[in-house]
Structure formats: structure tokens, C-alpha cells
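Just dropping this structure here.
Per-chain residue numbering starts at 1, and chain names A, B and C are given in the order in which the chains are listed.
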Amino acid sequence: MDELRRRAKELLEASSVKVVIGYENGTDGKTRALFIENPADAGKLVFDSRCIMNLAAYITKHEVKSKGKMAIAATLPVMRAIVQLASEFQVNDNNLLVLGITPESKMIEFKDLTEVETFVHQYQIEIDSRNKEMLDRIEKMTPSERWDFWIQELTPCFKCYACRAACPMCYCHRCTVEFNQPQWIPVPSSELGNLEWHIMRAIHLAGRCVDCDACYNACPLAIPLNLLTKRMLLDAREHFGGYQPSLKAEHLMSTYKPDDKENFIM
Amino acid sequence: MNIDGRLVRKESLEKLFKILKANNRTIVGPSQKNGRISYKMVENYEGITSEYIQTTQSPKEVAFPRTEKILDYSKNADGMTVKGINADDIPDIVLWGVRPCDTMGMGELSAIFNWDYRDEIYNSRSSRVTVLGFSCGKSDEYCFCTSVGGNPGNIEGSDILFTQLGENGDYLAEIITEKGSQVVSLASDLFEKAENIVKGKFLADVPVRFEKEQVRQNLEKYFDSEQWVAQSLKCLGCGACAYVCPTCACFDIQDEAHGKSGSRVRCWDSCGFSLFTLHTSGHNPREVQSQRWRQRIMHKFSYMPDRLSVYGCTGCGRCSRACPADMNILDHLISIQEVTV
Amino acid sequence: MTDNIYMPYQMKVEKITWEAPGVKTFMLKFINEDDQNKFSFSAGQFGEYSVYGTGESTFCIASSPTRKGYIECTFRQTGKVTNALSNCEEGSIIGFRGPYGNVFPIDEWKGKNLLFIAGGIALPPMRCVIWNALDLRENFKDVTIIYGARTVKDLVYKHELEDWKRRGDVKLITTVDPGGESPDWKGEIGFVPTIVEKVVPSSANTIAIVCGPPVMIKYTFPVLTKLGFADENIFTTLENRMKCGFGKCGRCNVGKVYVCKDGPVFTLAQLNELPDEY
């Protein structure tokens, strides 16, 4: 990705941005996030199919944001997350420059977030076939079977919150689980408590999740918790006509329209 | 010390398992789910996963469960009835398939739970565990046991240590403790006489990557370094590293109420969470992630050796394998060793 | 299991005193007489007080070890557990684990002058050592107490302040923040560090014990240093998030120190050795 490295170097030399967020080679053939402030380090940037971590999780992190204007190497899922974050007033054109990487691995430097939005709207979020099949299988289960399935999958969860930490949309300074008056979700790992945590997180993502699978990729126990968020995404489409991350979004869970279907209530 | 070494044929392992089961032993061993390996109760030998360099979760749960009741209470007309834990309710466990780094880790965990105040709940559990360790024939780039005082054939912490003598080979079984002898006595036919087996050549080669004393000394002067911010930029602040670590023991205490009765539980916690040191007033001594990352390293490599005379790390590499951000503690320790402060 | 270190003593709330807005003092008696007889503690130590079903909270033991038969704690309604404690009535049963922590080295202070400086809700940890000293009054030379709060209403232990004022052998100076005085307020007006500067206590052969909110402490220490107090002769107590109370849960670990075991009593000299993480 020579163009990416070249552009990162130029931006830092000109001080147009203070930090470039991209990927570097990590341990065991993986890639990981890289934060460059020195133009000389731009050579460390890499990009290929291994780069699936959603770097947008870092643009709301205090130590990164406080460096000044950021530039970010953004694949399509990262771009979607950025647009959604912008619609929630977490980033704007003043503090973020997007170096987009198309699905064909070409670099596009977007002038502003509106251009990013236009690009993102060309593509629909599609659930991949393997997960689609799993979702269909669960759909066919009886409520009791479904309960057993989720208890079995979620009981091993030890509440490390890696899913929350890796998700670009989970940027709350104080998460719901971190309140104790009242303690909405129990702290210790337990059968019911784990269900409550994952269901609550999925619901908080309704209308916001960009289906990047960061949560699943982060989970040390490879729990298929992204099935919940994908189901939420499909439900949003079915009941509320779908959504695309948009700068001037009417957020799904906070917008009421008179023609909203209520067939699941009555 | 003369360790009793025996030869155990490859096929005998399954026989040993069955004999233990026939003697009503609860066996906890590495078990695979979703491509990750955790320690679970296993009923059949087939349930044990054996092809791995290291498991995803550590075996610390047998002595330090993720959620554990420490008392029950119940409000009634006369007042409050509070009941503690009955040690008799704690089962005896055979822990099957533990790497030498983890067996060393049990000693470090025990140091935390026994310094000054002795945690008898922890001790009741750990004393009921019989550890069947398995030496490492292979290692990967995440392993660094030899840098923290361990080695792939370390007997410390095992009751019996099995070393496979080459790929598909039979095993050398070192009977280290009385508990180990008790296991042998249940299946003495399976533990044959061993002829001068040198286990060293069957162990993995784990090169020493840093000098822990040098790291500890450097850390004394490193507290205010700007490097902590640079090192921790990637860190997302989850608890994965603490939870998979065999020696991390930080915990929370929570009450669970159900009407007039309930219980108090102890559960895992992590110094990496922002909530860990947050005062009710809103003041947080460790407000940003770089301070919390620093605490992790300093506690394991400086404070613990100082107060408890043990390092808080066994070099098992799990934290780096589990970390969603690839923080790789080994990289950081090497850079701390090389720093000129 | 005989030695469950997590098992609290069962305590009955014998008496509740409403000290100030949101601040209450509980007098607690052990339900089990055997526990009562075996229990002892020293000034400076703290405990974990619990409401079963809600959780535990950390406060010092605010009564003096010289007074047997009960212990007292004072707390402000701030979070989940303190709110639940605040809802307790006389006769309620709560749990108490302790005593934990280190102690004020009162024996080493014999023959010296004592200067107590406290602010707001931080008088409770000091009250323990003040009464301890006053109950052994002949062991010490001059005793001075400087205590301030934001407003007159926020002064705690109001009746005891009267006791101390009336005693002939204690010099008591009370103050409220500028703007916090009431029309009939006869004490000083000014922040505690300012009043300390005004009083100019002598540092000769004197031990200073300071407890207060972080901002008060931050400005009081330099005043004492300027007055000639050595760092080893200035004592304070640290407050930290705590859970277990005995050095295992990790929360109160600051540098090489566990506040619940090596503290909460520290000298300024010891504090200066600690990293700035408290």
C-alpha cells in the first residue's frame, strides 16, 4: 500500500494531521493497530486481507483523540462506523481525515465525511452466508431450544468486555453495566447475567451496528455473539425499513414515525 | 531431590483416566469449544483435547472460580442468619493436562491468597486439587517461561509430571508429591519401571527473551516515562488479559439479593477496567488507560516480587494470544529491559 | 470453615445520630457477646460495613479504642451502600469486618504536643485518635484541634465540638468556608489551610495529624512544612477504593503499598515515596 504510506508521510510532514491510525505487522502473522506521529514511521504501515480490526474503536479513545487531528486508514466497515460515529457527534471533519481503502484495495482520500457517506451508501450491509445459515437455524428452533442454545453459548463468557472494548459504537464513558444504582446488569459471570449483558448490548446497538464483527473477533472464547447483533440488524430492516449509517441520521431507536409497524407489540 | 520416575505407555493414559473415573474422581481437563480450549469437567477421555501448545483459559478456576459464593444470608423474624461456606461441599478434583508454566502459576496465586491473611476458601479448593502436569514438547513465539524463572519441564506445582518422549512416544511420569503417589497407587500397573530417561532432550526449546531482574530494576526508575502512553495506545481496556492469566487474582465482591435472602459472591475483576479504582466521589487515581497498563506491568514485575517474593507472570503467553489488540506483553518487557532511563 | 475471612461480625445498630446533611453516625454493638469481648482495635484502623443484599463499604472506626462495648462509624450518603446504610433504623442488623489497616503510633507521641487538623467529613478518622489521646490526656502536652467545614450545617460531631471547647485542656478552633457562616457563628471564617497559617502552631516537639478532602490536604501540607514540621511528623490517612480490606483484591494497591495493609495511616514522608496514584 505505497500510496497509503506516501500520503501518511506527507500529511504528518505538513502537520495537517497529528497522528495517522493504520495497521502494522503484529505477532504470529496478524496485524494490529499502529499510531504514527513521526513521518519516518510511515513505512511501517501495511494493508492486506489480514487487516480486519475496526480501527474506528480508537478514534473515540482519549489518548488518541487528544493528540490532535487524526487520519485513519479505513476499510468499508471502518468507514461505516465513522459515519455512524459522526452522526452521533463523536467525530467531525475538524478532528478526522479519512484515507479510505476500497473493497478493491484502492486508496481514496476523502475530502470530508460527506464524501465518505456517499461512498458508504453505494454498498448494502450483507450478512455473509455462513452466519445467515446459522441465523436461519436458530430461527427454526422452538423458544425452548433457542433458550438452551444461548445459555450454552453464553455461559462460558467471563465478562471480560472485550466485545464492548473492540466495538466502535461502544464508546460510553460509563457503560450501563458500570452503574450500581441500580445495578442493571449483575457484575459476576453467571448464566442469566451473561444473557442479560449480551442481549442488552445488542439492543443498545439496534440501528447503530455496522456489522463489522469486531465483537466476535475480539472475544477470547470465540463466542458467536455477533449472531445477536446480526439478528438485530435484520430485525431493524424488517420492522423499521432498515438503516444506513448517515450523517444526518434519524436514529432508529429514538425516532418515532406514525407509520412504524407495531405488529410485534399487538 | 530424588524424583521417582516411571514409564507410562502411550495407551496407558486413557486407562489411567478410566481408572480414576471408576474411583469416582472428578476430572477437569482441557476441552475444546468454538476452537478455543478451556478447562471443564470431562466424563470421557475423548472429551480431553490434547493437541495444543497452550489452552485459551488457565486452570486457575479450579481454585479461584470466576464467580464464587462466600456467604449466604437470610433475614427472618429473629434477625439475620448468615452462613459461610462448608469446606465439605468442595469436591476433590484431578486437574488433567496442565503445562509447567501453569503449575508454577499456582504457587504465585497461592502467594497472593496467603500473604498475611490466609484465604481459607481458596486454600480449601486448591488443597483438593491433584495436578497432573504435562511438559511442553513444543512452544510458540508467545511463550517465555524461561525468562521468568520457569522451564518447559518444570516440576514445580505438579503432583505428577508427564513428559512425552518424542512425537507419539510413551511418557516419563515423575511422581513428585504424596498426592501423586496416591494416584499411582490406584493404577500401579500403568506406572512401569523407567530406565535412565533424560527428559531434557524431549522438551521444547524456549529461548530466554529478557532478564527479569533487569526489567525489575529498570521499572524502579520508569514510572514517569512517556513510554507508557506510547505502549498502551492500542490497549482497548478490556479484561481479557487478566481473566486468561493464571496468576491474576484481582477480584470484586458483590451482593446478590433475592427478596429477604441472598448471597455475597467474589468474582473476577481486572485492574485494566476504568472502574477498578474509581471512587464514589468521582475521583479516579487511574483515569486513563496508560496508567492502568502501567499498573499491570509494575504490579507483576516490580510490586509483587518486592512484597510477595514472586513474580506475577509465568510466561505462558495467554494474555498476548487472547488480546484483541495484540498488545503482546513480551514485546513490551523486552523494550523495558533495553531502555536506558 | 472456621476462618472465613470474608465473614462479617453481626452488629446491631444501637443508636443513630444525624450529624449533618447526609451524614450519620451509627453506634454499633456486637450481637454475639463473645465477639464483643474478644474484639479490640487501635486508632486509625477501618472496617468493611455491609448491608446484606447491597454490599460493603469502607469507613474508619470513628470511636476510640479506649471505650469498650461498642464501635462507631460515621459516613456520608454518597453511593449505593451508604444510601442503603442510611435507610437502616435503630435495631437493624448490619455486618462489620475488621479491624483492618495500620494504626496511629500513639505510644510514640507520648510527651509531645498534638496538632489535629481536619476538614468536613474527614473528622471521623480523627475523632478516634482525638478521643484516644484525650482519654489518656496526661500522656501529651498541648492539644490543639483545628476543624473546618464548608458551612455551619456541615460540621460533624457538633455536640462533641462543644465538649472539646468546654474542656480546659484543649485548644479548639473551628472554621467555615467564606460564605458558609450563619448569623450567630462565633468561630473563624476561612479555609482550613488559611486558618492554620493564621494560628501559627509551633512545630517544636509537635506531631501534626491532618485529615481532609484532597484539596484541603494539598494546601495544608505546604503550610505545615513552612512552619517547620518535618515530613516524618506529619500524619494523614489515605482513602482509596477498597473491597477486601486485607490486600488481596488489588484495588488499593498504590506503588508497592496496599492502602488497606500498609495504611491507611501514612506520614508525609511515606506519601512522598508513593507514585501519584491515589
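Here is the rule we use: a contact is a pair of C-beta atoms (placed from the backbone, for glycine too) under 8 Å apart; a residue touches a chain by one contact, two chains touch by 3 or more.
Fair warning: this is a prediction, and the values are worked out from it, not measured in the lab.
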Central chain (by mean CA position): B
Label of the chain whose CA centroid is most distant from the centroid of chain B: C
Which of A-B and A-C has more C-beta pairs touching across its chains: A-B
Rounded Å distance, chain B centre to chain C centre (Cα mean): 40
Chain centre separation (chain A, chain B; CA means) in Å: 32
Between chain A and chain C, centroid-to-centroid distance (C-alpha), Å: 48
Multi-chain contact residues (two or more partners), chain A: 183
Numbers and ranges of chain B residues touching at least 2 other chains: 252, 254, 256
Multi-partner residues of chain C (each touching 2 or more other chains): 55, 79
Sites on chain C touched by chain A in the complex: 55, 79-80, 83
For the chain B and chain A complex, residues of the former touching the latter: 33-36, 38, 56-57, 66-67, 140-142, 229, 232-234, 236-240, 242-244, 252, 254, 256, 265, 267-268, 270, 273-275, 288-290, 320, 322, 324-326, 328, 331
Interface residues, chain B side, partner chain C - complex: 70-71, 73, 75, 79-80, 82, 84-87, 112-113, 115-121, 124, 223, 249-257, 262, 264, 266, 269, 271, 276-281, 283, 285-286, 291, 295, 298-299, 302-303, 306-307
Complex contact set, residues of chain A against chain C: 180-181, 183
Residues of chain C touching chain B in the complex: 1-8, 10, 31, 50-56, 78-79, 82, 93, 95, 214, 239-241, 243-244, 246-251, 253-256, 258, 261, 275, 277-278
